[in-house]
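Chain IDs A, B, C and D follow the sequence of writing; residue 1 opens each chain.
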Amino acid sequence: MRTKLFFSEAFRSLSGNISTTVAATLTVLIGMFLLGMFIALGSWVLSWSDQVEGQLEVRVFFEQDATPNQINRVGDQLVALPQAESIAFVSSADALDRMEQEFPELVANLSSNPLPDAFEIKPGSASDVEVIAAALEPVPPGVESVTFPREVTERVREVASVIEFVFLAAAVILLIASTILIANTIRLSIFARRREIEVMKLVGASNWFVRGPFMLEGLICGLLGSISAIVLLFLGREFALPKLIPPAIGGDSGVSAWSFELVALIILGVGLLLGAAGAGITLRRFLRV
Amino acid sequence: MRTKLFFSEAFRSLSGNISTTVAATLTVLIGMFLLGMFIALGSWVLSWSDQVEGQLEVRVFFEQDATPNQINRVGDQLVALPQAESIAFVSSADALDRMEQEFPELVANLSSNPLPDAFEIKPGSASDVEVIAAALEPVPPGVESVTFPREVTERVREVASVIEFVFLAAAVILLIASTILIANTIRLSIFARRREIEVMKLVGASNWFVRGPFMLEGLICGLLGSISAIVLLFLGREFALPKLIPPAIGGDSGVSAWSFELVALIILGVGLLLGAAGAGITLRRFLRV
Amino acid sequence: MQDSIETSQAVLRPPDQAGVAEPPGESPGSQTPMIVFDDVTKVYEPSVVALEGASFTIETGEFAFLVGASGSGKSTLLRLILKELEPTSGRVIVGGRELGRLKKKLIPKLRRNVGCVFQDYKLLPRHTAYENVAYALKVQGIPRREIRQRVPEVLSMVGLAKKMSSFPTELSGGEQQRVSVARAVVNGPPLLICDEPTGNLDPDTSVGIMQLLYRINMLGTTVLMATHDREMVDKMRRRVIALERGQVVRDERRGGYRAIEE
Amino acid sequence: MQDSIETSQAVLRPPDQAGVAEPPGESPGSQTPMIVFDDVTKVYEPSVVALEGASFTIETGEFAFLVGASGSGKSTLLRLILKELEPTSGRVIVGGRELGRLKKKLIPKLRRNVGCVFQDYKLLPRHTAYENVAYALKVQGIPRREIRQRVPEVLSMVGLAKKMSSFPTELSGGEQQRVSVARAVVNGPPLLICDEPTGNLDPDTSVGIMQLLYRINMLGTTVLMATHDREMVDKMRRRVIALERGQVVRDERRGGYRAIEE
């Protein structure tokens, strides 16, 4: 009974109030669209920076006279490391082949193969590089040296952390901004109707009787806005992105944004919450009649 | 006289109307803050990607028996290229020195210096790489080969174009979003006062007499909002950023955002325009009494 | 265009005696007064004295007029009864309850038991005439079926049977005023306060509304009515409370609009 | 608390004869009528006939009452004169100009020449009483110095000298109504239309306002006033136009509130 009444009041109010309804819905739409875009973009960039980090390598060079036994022992040690994502053995012959392709003149003049056997280890992330290097400290027998791009690692780690920070900060700022904007719009739309609320109170409506339809209205605006934002994001992803981003990058395996469903769910939740709570909280000021 | 009246009406309205004034100002503030942040961030990222691109190199290797004359002629040709940002001559001796540091065993076994003389040319941007390479086609006399990292160039160019596109698109979307949000808020705040406008018209006020104070009000909200946004951005840049971003990256020479003054100017202009024009355009609907 | 004011008595309901009219813990026989003003002063910030030491008692079932010049404090007095305002000093007791001590939560209940015709109507702009009247029933949780029956009845009584689905902006001043009257009486409240309910009505329609209020009073509802209609007050010869600059200057059982010495 | 209504005649200005009162290209001797309604019908969408074939002429300098039951079309008629509404058919001519042909740009000029007391006051809520009255002068570009002088004069005339800096929400109903009166007369318009200017006023204050309107009329202003105040109409014995369901049913030179045959 009561619920039915609330709904009918909320819908009357929505339709009798197109101007403010559209305004509130539009605000939710924009806020949620920006937030969604940012989450999608951010998660993609994070995944990309992860992948870049993953391309760093730790190299273990063996002495010329290292025994296969020693090499195997180091190999076992590396396999046991959870930070090592992939481990490749490059024999001295393989290394010479590579060099021959790069500097044919150089190799032509060589009397013997000066290059050592080596392991190339790819870490999961930039911060794993040093963990792996540390695990080989002190150098096991048979190992000549352990090298890793110390400077590059540092650098990549810094860039990644900056990117992560920027996106996190931006997402938080956007969330705060959306909240303020939506609360703001709801406040204005309720402000435009404060006389109405006063009258309702004067003819004996309880606070909840007044609040119910307004909150429902906020919820509906939140719902409409969020859904529109999701639809827009979906259209953008399906039609705009593929045309604009070169497939070489768009289709990068390994690099991926959060699932669209997850982003949609976040947007919907935030939108609904902001709509209803915004209306409920704003009303308090006007209910003191 | 008239202007004075407008101002006094606008200020009365602003102060009698704190709620909507704050709402409109807040909306401008948020819109402009996001826009400003984005412009600053975007221009920084663009400059960074520019710098990364600039680290690509075109190398010109000379034949072992190239004459100094031939080398000079190629050098002159390169200097004349506007796309070449910096040109370095690496003699065969220099090249051997470099190699000695990387692979001491290798160099120790060499009977003669197998490395050629070379020019290393840094282009202004990734797309310049191929222009420079094309300028040396067909290879001038004395030149053995011209090499450049074709795949990496392609890749960097793609990434840069994506980044450029994303930031441009995001800036445009943010600008549109800000416009809609601000127009929206102004619409709501004027909507709340449509009865007032009706009364003004009924006692003989001309459209411009009604519109003037409202537009001035919008202008003032735009001004307040923009200035707050600029102050916030400034504070963020001065105090928040340095603490959060590792100096190694923050202090990167060569990488720089647009000047803060420029961003501030853009924000101020957009804010004022949106405030005044938003109010003026919205009013039209309510002036038909 | 205008309906005649119906006079069917059937739709008028005796006031709900279980409402605020009944003070708790007192025998139903000895009626407590409906309204007691005890040395009430109301000062609007910073310094407008709208009511000054007003004291009077209105018994349950009485019909009283409140007269006075423009700005003498009539509306202020009525708004105190609805607890729309708080007195600066003194006590206001309605149906045995002191309003100063009434819990916030109980204010809606008070207002449901006090029908009020506001001087500026106070209609909900986005609701039709029907819905405006129905709202006063909805807040009480009256079943839909009953609302559908009662609202048209009351609107017919004030001559607005044909304007039920008009919005306030589509009604003339007098029509809006009558919607406000209909809303005030629709749930048969034990107390009815009317702030110039006939200010925008022509003499004939005014008489119709007065008859309606009179009949409602006959059924037991206490009525307090602020008015400027000298003729009406003089003809009715009911209790008259006269205000002057916020002070009660006259309180007669069967008075006229003006004091006798005039 | 309430000021007496001053009677100083000095502040009343004869209407600005260069306004709409003067039709272009006609000799000042032969006065054109101030208001002409020529078979005017107004139908509110979708089907409320508020005025039906109303025809009458009000000469410059006349004082006319408009009477009729609630909802008979009085306010609609007055709103047509302000061009707040467009007639569905027929012509409305004010000061010699047909309103249907009046350019949009000239509407503000028309309204500055027609003082209007609105039934619902229509005060600016964020302006004080003083500022509300001053606004009607400001729209005309009257110098500040003159405004500072005239506004307090007019507000004293309606008995609100002490309420100049009150906002509408801080005024009683009758006080708001008097601000509306003051705003309508402040710039001495050639035509004054009043929609129940005394509906919320006690008899004494009403008489004061009527005297004010009378004096203004004596100085040459045409006055058309919708009212429900039977006593006043009967006492004044001026022209009376009576509406019934949107039709002019009576138009007497020296009429009373009711027709004689009654």
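Throughout what follows, contacts are C-beta pairs under 8 Å (C-beta built on N, C-alpha and C of every residue); 3 or more make two chains touch, one makes a residue touch a chain.
In this text, all values refer to a predicted model and were calculated from it rather than measured experimentally.
Participant: Chains shared as neighbours by chain A and chain B?
Facilitator: none
Participant: Distance-wise, how many Å sit between the C-alpha centres of chain A and chain D, to the nearest whole number?
Facilitator: Roughly 67 Å, centre to centre.
Participant: Centroid of chain B to centroid of chain D, CA atoms only: how many Å?
Facilitator: That gives a centre separation of 62 Å.
Participant: Hey, what residues on chain B touch two or more of the other chains?
Facilitator: Not one residue in chain B touches at least two other chains.
Participant: Residues of chain D that touch two or more other chains: which are they?
Facilitator: Not one residue of chain D touches more than one other chain, so the list is empty.
Participant: Using the contact definition from the top, classify how the chains connect: line, ring, star, complete or other.
Facilitator: Shape = ring; chains linked end to end, path closes on itself.
Participant: Kindly provide every pair of chains that touch.
Facilitator: In this structure, the chains touch in these pairs: A-B, A-C, B-D, C-D.
Participant: What part of chain D is in contact with chain C in the complex they form?
Facilitator: Contacts found on chain D: 1-2, 44, 48-49, 67-72, 74-75, 119-120, 170-175, 177-178, 195-196, 199-206, 228, 230-231, 245-246, 257.
Participant: Going by the contact rule set out above, which residues of chain B touch chain A in the complex?
Facilitator: 19-20, 23, 26-27, 30, 33-34, 37, 41, 103, 105-106, 109-111, 114-115, 154-155, 158-159, 161-162, 165-166, 169-170, 173-174, 177, 180-181, 184-185, 187-189, 191-192, 244-246, 248-249
Participant: Along chain D, where are the residues that touch chain B in the complex?
Facilitator: 82, 84, 108-112, 116, 118, 122-127, 131, 135-136, 138-141, 143-144, 183
Participant: Along chain B, where are the residues that touch chain D in the complex?
Facilitator: Its residues touching chain D are 1-2, 5, 12-13, 16-17, 196, 198-207, 209, 289.
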